[in-house]
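Structures given as structure tokens follow.
There are two complexes below, and they share chain A, which is joined by chain B in the first and by chain C in the second.
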Partner chain A sequence: MKKYFYIFKVSLIEKMQYLSNLAFDFIFFSLIVFILTSIWRYIYSDAEIINGYMVNQIMWYALLAEAFWFGSRNRIFSEEMSYDIKSGNIACKINKPYNYIFFSLSKYLGDIFLKLVIFILVGIILGIVFIGSLQNFHIKNLPLIALVYVLGVIIASAIFIIISLSSFWLEENKSIYWVYDKIIIMLGVKFPLEMLPIQLQPIFKFTPIFACAYGPMKLTVDFSMEVFYQIIIAQSLWLMGSIFLALFMYKKGLKKINANGG
Partner chain B sequence: MNIIEAQNLSKNFKVKIKESGFKGSLKSIFSPKFENINAVNSINFSVKKGEILAFIGPNGAGKSTTIKMLTSILHPDSGNIKVLGLNPVKKRKQLAYKIGTVFGQKEQLWSHLTPYDNFKFFAAIYDIENNKAKKRISELNKLFEFQKFINTPVKSLSLGQRIRCEIAASIIHNPEILFLDEPTIGLDPVVKEKIRVFIKTMNKEYQTTVFLTSHDIGDIEKLCKRIIIMNNGKIVTDSLMENLRCNYLTKKILEIKIKGAVELTHINGLKILKDEESIIRAEVDTSKRDISEVLKTLDYENIVDITISNIPLENIISEIYSSKGEV
Partner chain C sequence: MLNELKKNIKILAINLKYNMAKEMENRTSFVSQVIFILLNNALYIVQWLVFYRLKSTIGGYSFDNILILWALGAASYGISHLFFENVYYIPELISNGKLDAYITQPLNVLWNVSVSKTKPSAFGDLLYGIVLAIISIGADFQKIFLFMLFSCLGAIILTSFSILASSLTFWIKRGEQIAHNLDFSIRIASLYPEGIFNNFIKVILYTIVPTGFIIYLPIRIILNFNLISMISVILFASFFALLAFYVFNKGLKKYSSSNLMSARI
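Let's turn to the complex of A and B:
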């Protein structure tokens, strides 16, 4: 465990040197937040509550979901890991005394940690400026909300690892990233599940969207212990399932490493 | 004591074969064809503790595949391997603590971090305590002389400096065996020489066994006492360097500096390589004709200087490649 924390730390130190690169992301993020809050204000001009959300809650939901999405994006899985597998570069990384899956996960978490914290802080500042303070939010709930956020990030990264590991069998897997990313944006980031057709809502509770996108945001804007238990159970199952699948795929994939040609 | 043992070791790769053109591409979708490539074909060898072994061969001979099987990266299709008494497939993690690897063409250092941070990182990976890590870094500093650039990000280092750091990082845990896959590739002669000195010193001071692949004859000549030559997935030669020279050095190069005209009699075993105004260069096959017999046929009056030398190791190895398999 100590060595994975060290990998996290080294990845964090490396990322700290390029924090200024976030400037463009902040400009784009602010623009998106402005557009989203304007759209929701317009939608709510004739209604106080839509599908259980007040305008203040839905705008905070959208803002935090965007901050979460912007903050947790990087190229470690979508490009680096897939490239390593396809090119054989993985050879330099797997002959060390650690598990490559947990190495990648720690590296990813270290890489996004500061960025995610900064985006959430910037999001909170933008939210207070554009929306006003979040109604019905109690600071005592913060530890449980934080736990759900952390698990959400880990599950999201485990799913990205699974997609990256498909490179052992697929020559091209960028389309899978693209489709998965767009599904998460459309169904978890831009709208909460309650905005989807009522027949589809139970189905989505069994998807990663519920565990890693909808869950943390819903709990922030509308906390209840009942929702917390639902989300934490879903997250526990997704966490175990995705890590198990990643480890299984890695074990199978190792036999297919293509290191022909040096 | 043998610390590496490979018995009947084989590895095949399945490669997709596609006919050329659009029709070929369509055909390969509906009825894909595959070819089995025997990258390593039932090889046997062993390495003793403290040896510096040259493991060489032309491109595609199976050297890197063998190294990757020995270091638990690739799983062999058949055969047995024991590295330090461990099976690399089953005891990957345990073995990783005892070996180090450097792939000259692949970076393992974090490019945005300094060498010092990288060394600390590798020390943490190998469960080395902070105090011991610091001591080891200063020990390695004496050997690899990286003090001047220890706080410069790796991405800003020259290739030679980076390779020194790559090797230092790979031996931070004092491994018993170091696998070096073309460590001097792309380096200038001065840096190459430095790297060779480091390897030799490391072998002497820490008794580290070195398993070296290289296309650079200088690396092999200056470092290794034993050589294994692979071609087409098979071992074609496994010999001590001095035996290799004795067995293959039946040819000598005769270089004669002349004034005026000197004619070399056409005799069996003598092959003229170069005949210019003031220099004649010839190859003498000593299995057919003694060098003294050739010298007796010369007209000494017009000769300024004579040099007799062995043929370069590079030529010996090329000859082995072509005589024992397709290159």
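Let's turn to the complex of A and C:
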């Protein structure tokens, strides 16, 4: 465990060297926030509550979901890991005294940690400016909400690892990232599940959207212990399932490696 | 003048032919990229289906109007990236001193740079735009013709905008990030109806980030034909293209080579 924490720390320190690059990401993020708040304001122009959400809650939901999803993106899974597998570079990493899956996870978490924290902080500032303070939010709920956020990031990473590991079998898997990323954004980031047709809502409770995107945001804007238990159970199952599948795929995939010498 | 135009169109055709042949070498990869881009774009419609369940018109647009907005956006983007993909790499070419290979050839530098790369998935965007236009407009030939015209004009404005943004790199250090953010901005703004924005933003959308001339005005013309508005879009696209050529050539005088040895394959 200590070695994975060390990998996390090294990745975090490395990222701190390029912190100023984030400034440009915020321009884009601010624009998205502005457009999202504009559209929700328009939809709520003649309604106070829609499907249980007030305009203040829905805008905060969309803003924090964007911050969470954009803040936790990087190239480690979408490019580096797949490249390692396709190019054969992985051969130099599997003989090290660590598990490649946990190595990649620690490196990814270190890489995004600071970015995610800053994105959420900037998101909160933009929210206060564009929307006003979040109604019905109690600071005492923060530790439980933070726990759900952390688990959400780890599950999202584990699913990205699974997609990256598909490189053992597929030559072109970048398209799977696009589609998976878009599904999460369209069905979990832009609006909460309650906005979908009522017949579809129970189905989505069994998808990663519930564990990675909807869960953390729902608890932030409308906390209840009942919802917390539902989300934490779903997250535990997704966490175990996705890590198990990633390890299984890795074990199977290693048998397919044909590394070139040199 | 006419000979010059003929020559440049020939260069475009030759580049497109060889770039596509290169991409088609791995046919499975090409087809899968096109299919996934179609799926990727189709997912955005889900978002609008949900929004329109909550409100019947958004920013003055009905659901059918949103489909035209998406069709125009996707087709313009598709044409621009299919024919002029390398425009979107100009900031890196400038900052890494990789323009040398283009400058030394007896061709117009900007045209030569712009047409030397293609993006295979852009074919999926173009196809998506056409299919969506047929679904939303129907078999109205005048409207389909206008859609095709505005898709081409939109691609010219989009490409010219990117050249202008990229040219900043001639004068500003780390201009790449500013250029890429400006490209993102115009794409993002073109995905939403103009009625949701306040007047100040609308002014920006018809000037600095000209989404108004790529999407909003063309939609109005397709739905209710107006000759003067159509001419204004044509004039704006021509002006923007000339401005892009002028600014790029001005900037090119500031360009300094890095003596980088590289090969164009």
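Rule of thumb we're sticking to: the second predicted complex is superposed on the first by the 259 of 262 C-alpha atoms of A that agree within 3 Å, B and C clash if a C-alpha of one lies under 4 Å from a C-alpha of the other, contacts with A are read in each partner's own complex, and residues count from 1 in each chain.
FYI, a residue touches a chain if its C-beta (ideal position, glycine included) is under 8 Å from a C-beta of that chain, and two chains touch if they have at least 3 such contacts.
All values reported here derive from a predicted model rather than from experimental measurement.
Of the two partner chains placed by the overlay, neither chain B nor chain C lies in contact with A:135.
Contacts of A:255 after superposition: chain B is touched, whereas chain C is not reached.
In the overlay built on the shared chain, the residue A:96 is in contact with chain B alone; chain C does not reach it. Of the two partner chains, chain C is the only one touched by A:31; chain B is not.
Judged by the touch definition given at the top, the superposed model places A:186 against chain C, while chain B stays out of reach.
No residue of chain A touches both chain B in one complex and chain C in the other. Residue ranges on chain A touching chain B, taken from their complex, read 2-3, 6-7, 10, 13-14, 17-18, 89, 91-98, 254-255, 257-262.
Put simply, chain C touches chain A in their complex at residues 28-29, 32-33, 35-37, 39-40, 43-44, 46-47, 50-51, 53-55, 58-59, 177-178, 180-181, 184-185, 188-189, 192, 195-198. If you check the complex, the residues on chain B that touch chain A are 13, 15, 37, 39, 59-60, 63-65, 68, 71-75, 92-93, 96-97, 99, 101, 103, 105-108, 110, 112-113, 117, 121, 124-127, 181. Residues 21, 24, 27-28, 31-32, 35, 38-39, 41-43, 50, 171-172, 175-176, 178-179, 182-183, 186-187, 190-191, 195-197 of chain A are the ones touching chain C in the complex.
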